[in-house]
């Protein structure tokens, strides 16, 4: 890394000062695509606080590699990743392996913004235990998305969706859950739609869900391995209804991957499966840097910064704290959402129950079972 | 005592062995230790004793089957790549105009990388891609062919990325064979087929064996394309996906290392067979006498 | 495909490499059963001619006919000729036996016959002990013999041999010569034989083709070429080591370097023309009686067994080579006589 | 020499099909990367170069390209320098333990980086080698050196040892034999091996990621991220990245082939008939 | 490292391939400036000996000394010898010029000197015109000349030549012979020269080493070897083409096949022993007067230019080779006389 980022000798434990003794270089690793929302916030902070952070470097990667990399660095006693922006998966994996510094309750006082979390965001923050700090939040899905010209009357309940799929084999698509946000949201949302025994226990409590998915599987020809592909298929007509989320509804239409006229719908018994991104600090980061990063996170949790999380609908709405209206968002972001956003979301978010997603272990178990029994069944051996 | 140095030299031991030192040191320092560590990891699963991870792999049909799935993809792909490159490279030996261009174009696909190949296959062969469009427009088929997200897609991506690789190596190996040998064959009444099969091919065979091994290894560790253009939970659930999921989704490094080691072992068996056969072949100079 | 033919005609056969002719306008008719030797200095196009005939090099111009069939468009393997390559071109991955049997296998002969003929050919070239070795494990001469065996085992209608004996010792060479002649006769082969050894060419062939710089200098029987070389180059090549620039004075008397000699004219020469007088070392004799000949001083003497080869110098500074039984030593004086029948007079520079 | 028509025709057809497929695959990506929207039609609705600008900015591709090139060149050069001598010995000498050693060199190619990547990265970090360019280079050498050894061994076997002996008699030391005699004769092989090493290195995600620091990312890390990381990304922008990646590789390849044609040397030297 | 030495000693040098000796117990001392020829039938170990001396093959037994330094443990490139390979072993990727200059470059000589010496060596072997060609574009003889130039350009303290002239034509061979001798003398080289050509060996060398089956048969001056071959193998090799199994009756009279001849004994032989009588074709003469000699019938006649080589058969069925000026024809009768001084009698079978 940068010569001054090799922290082999700098102090990594003991009291964390309020301000770093000298301006720091902070290396940010994003494994959740979170920088699309937060990079402007960070850049803004650095621009204004060059005494605290002199320079930021950004690295992007996928969540799975995160653990290996941090472990390797910690194993060698030289950690040069100072701030990790991650989703639930990477966060949980790191907690499991004991990679993260406990930020709470030790530094709760330095992060006043956390008090203003939206209820959903607060619930997501609980998932993070003491390690991470939620920085962006959205209620996600599961939604269904379709083009009105192809589907005149979309199904409005899970059984109806099954009927529709039966009538239109190959028409319904969702991506392989372990590779796709909307895919996994659909998976986690189903137990609520089907009123299953224990929506939090995919092994024992999802009998109806698994039966439904297997039945549905008969009429699904394809589980693409990325959400973008389902979007593309929706656009080119080879899929008629796909699973989606708020972000995946708005942003691709902004980008032009999906026609603007696409519509979304919900199914009866709909619960939002919420999602969030977290900021975490790996163990082994020097106290000076810790101080700098904490200051950064604190600033990210202020309303004016949070407003940037509206982005172009990528994580719609995005802000994790209360009272951040769209009007505070930057110009182009506001324009995009005014054009491509959906007024109905506000009511939908206010009116539907919110639930946190499965914890990492259960989620992996659900993926595994889906792979074996649903996806892996595709080809009879 | 001096006779000793001659005796050693006669058995291949002389100062040239020092040339091996850098490579050996390198591999020993940066591979052996980490590898043993991985081996150790695979023997320390959270539960089930030393061989628990292996036992689990082999008792779970869903995991075990990945071996066959992988072999079913990798062996034919590697074989096709090698077999197809031989006649093409053979044709390309002579001099003709545009040869360099043709060679370049043939090896271009190695530059594509998995991502572009996958994207391209999805775009081109997808249900509304140019390929299916053409077929539909020409009235050859009524519904689009499913060529992606299945075995075909992965296989094609392995051919696109693997063929140029094999071709480049075969072409180079072939260029090392003295053409006067084939001429001698011709004067002895051997037609092109016999010249090819009895003279060129045996001399090329050691190179082909190596090429096969390398393409096979590449095909065997097919990972991104198995996910991107394949059916990663079903028909193209290759062993590297099993290893990847164990290590990076479940964070069960023991299982991940075990799967990876099994993968290496299977490859090793195939390669040992091929290289064993190779050692039965003639290996040595490919020039035929004076000059 | 390999059955007999009456004659093989080369018409204006030419081959050039990058613009310069390695072989130019070779016209030659080879009769069935003939033994033709191609002779000429290194790089004169002998191997090129052979390769063209074998079909291994495309012609630049000209054509080759077997009786009435045009041959030069046929690929090598369809011509049914056998060839011994100058550089052997042995298959490095096959044993001696495999190399020799290769052609027979190509003909899909029965196994037993292949074995029999292979064994025979290997015995012929005295490699029985080495039959199981790979070419890389053989000595140079042994490799050359494998190349010979590989070509003759096929008993082809035409055998092309490119210096097949160059790496063999004198004794073996004599024996192999006899074997090749014997094979040639008993199997009724037609043979084109490249050699750089004039003695070999003279003793083995029915007709000789002398090449120089890609062009034919002379075609004739060994005797014709040996005794009546067509020009000074052929003469030089046929052992006329003494070639002296002189001038024709009258009749067939030449003068130069202080010498006046009588010889035999070859070609049109007028008195006063610059000429080259050529004579072999063995045609210069030491005078039986003093005062009879030209006085010279011995400079270098080479031991050659029975005879010695000597370089001597005339008072006029001309260097002459001669062979004699007399034990000359450097510095010795001697007197020479020239045999006028054996002194050939050629026009200068052609 | 004349060739059988049928075979030529057959191979011609096969090559043509391959080219058509290739053109389709590459073409559809290139077209898409310049497209605005492309739904169920033959061509996109409109064309724009914006995706490239976005990809360029988002991943600050210029330094990334620089790092990628440096890493590739270093890895290729070092692995050839270390690997070729080793393959020479493996090809020429039959010393005891040769097979075992061969096996050792085989393993790093066979084993997926999962098995050794993390401990390797730990080791490299421990000695302060990881986190910047040197770590990436070292880690990538682990599979590359064996790769060179494996491809070069059959090559060296093909060369007549007499030529080396002749060089020795001319007073050439081992180093000179390598640089003056073997290297030129092996050029096609070295070139092939180098190209393949470069391709593998550019494409090697795991080891690079595990050992790279913030300013030693290579292109594939960016590309892989854009392809498979969480988040929404327009397909065109992924395609633009892929095209950039390919274009870079292509430039490398064409440059390499400009300087040496893989079939040129040995074949030209020996083949005089066609 | 390449500076002079007084002598080079080979002590019991042996080399075996897979158990069988290709060269056994060669003892030889080579004096500085000497020209040694290694002579022997194909496969007798000549190239092996040369390779051992050059350091290209490890010895199985024995040692090699340069004055008091042991040499056999030194790698080839440190011995500073030059070598012409039997199979040329030219660098296929370098031009003629590059091949020749290679050794000089290895010595890091100044550029100008490299150029000068390279040019000179190329001129010496008459390849000026071909200097820019690659070996693959040269004829066999041209390649061989490149190999010679490459070795001698280094002016090494010891030059090893493995049949360097085998692919050259007679004229060029004579010239190259002279050149090699001249180089040898003017540069004060020491030369070990492998040849299969006895005439070459006799005329060029100071001493001859005759090998057979890997073992030394005789070491001596050309004259010794030529006139007093140590055994019948050497004799056979030195041109005694007629080797007849006979029996010693008394004194030096041998009998067999209906012939009774007088000869000269070589080695210990007692009356009644089985012997081999050896005589050269040129030592059998046609009797000047009828009734003087042994009557024979001519069977085969080979034209050899000045003389003919004839195979004749005695009434007792013995086949004899002779050379004569007389124009014998197959079927002709003739009478032969043998020169008793030239008929050597060897003990049988060794």
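Letters A, B, C, D and E name the chains as they come in the text, with residue numbers starting at 1 for each one.
The working rule: contacts are C-beta pairs under 8 Å (C-beta built on N, C-alpha and C of every residue); 3 or more make two chains touch, one makes a residue touch a chain.
From a predicted model like this one, the values you see are computed outputs, not experimental measurements.
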Intersection of contact partners for subunit A and subunit B: D
Which of B-C and D-E has more C-beta contact pairs: B-C
Centre-of-Cα separation between subunit D and subunit A, whole angstrom: 36
Rounded Å distance between subunit B and subunit E, as computed from the means of their C-alpha atoms: 54
Averaged-CA centre spacing for the pair subunit E and subunit C, given as whole angstrom: 21
Approximate Å spacing (C-alpha centroids) for the pair subunit A, subunit C: 89
Multi-chain contact residues (two or more partners), subunit C: 17, 56, 75-76, 86-87, 140
Residue numbers of subunit D (touch at least two other chains): 1, 40, 117-119, 122-124, 160, 224, 228, 235, 238, 265-266, 270-273
Residues of subunit B touching at least two other chains: 128, 178, 180, 183, 186, 192, 203, 227-228, 244, 247, 284-287, 289-291
In the complex with subunit C, residue positions of subunit B that touch it: 178, 180-181, 183-192, 194-195, 198-199, 202-203, 281-282, 284-291
Subunit D residues touching subunit E - in the complex, by the definition given at the top: 160, 162-163, 165-173, 176, 180-181, 184-185, 265-266, 269-272
Of all residues in subunit D, those that touch subunit B in their complex: 1, 3-4, 7-8, 11, 14-15, 18-19, 21-22, 24-29, 32, 40, 42, 82-83, 85-86, 88-90, 92-96, 98, 101-102, 104-112, 114-120, 122-124, 138-139, 141-142, 145-147, 149-151, 153-155, 157-161, 174, 188-189, 191-192, 195-196, 199, 202-203, 220, 223-224, 227-228, 235, 238-239, 241-243, 245-246, 249-250, 252-254, 257, 261-267, 270-271, 273-274
Complex contact set, residues of subunit A against subunit B: 64-65, 67-68, 93, 96-97, 176, 178-179, 221-226, 229, 232-233, 236-238, 364, 367-368, 370-372, 374-379, 381
List of subunit E residues in touch with subunit D within their complex: 51, 54-56, 75-77, 80-83, 85, 87, 89-94, 102-103, 105-107, 134-137, 150-151, 154, 160
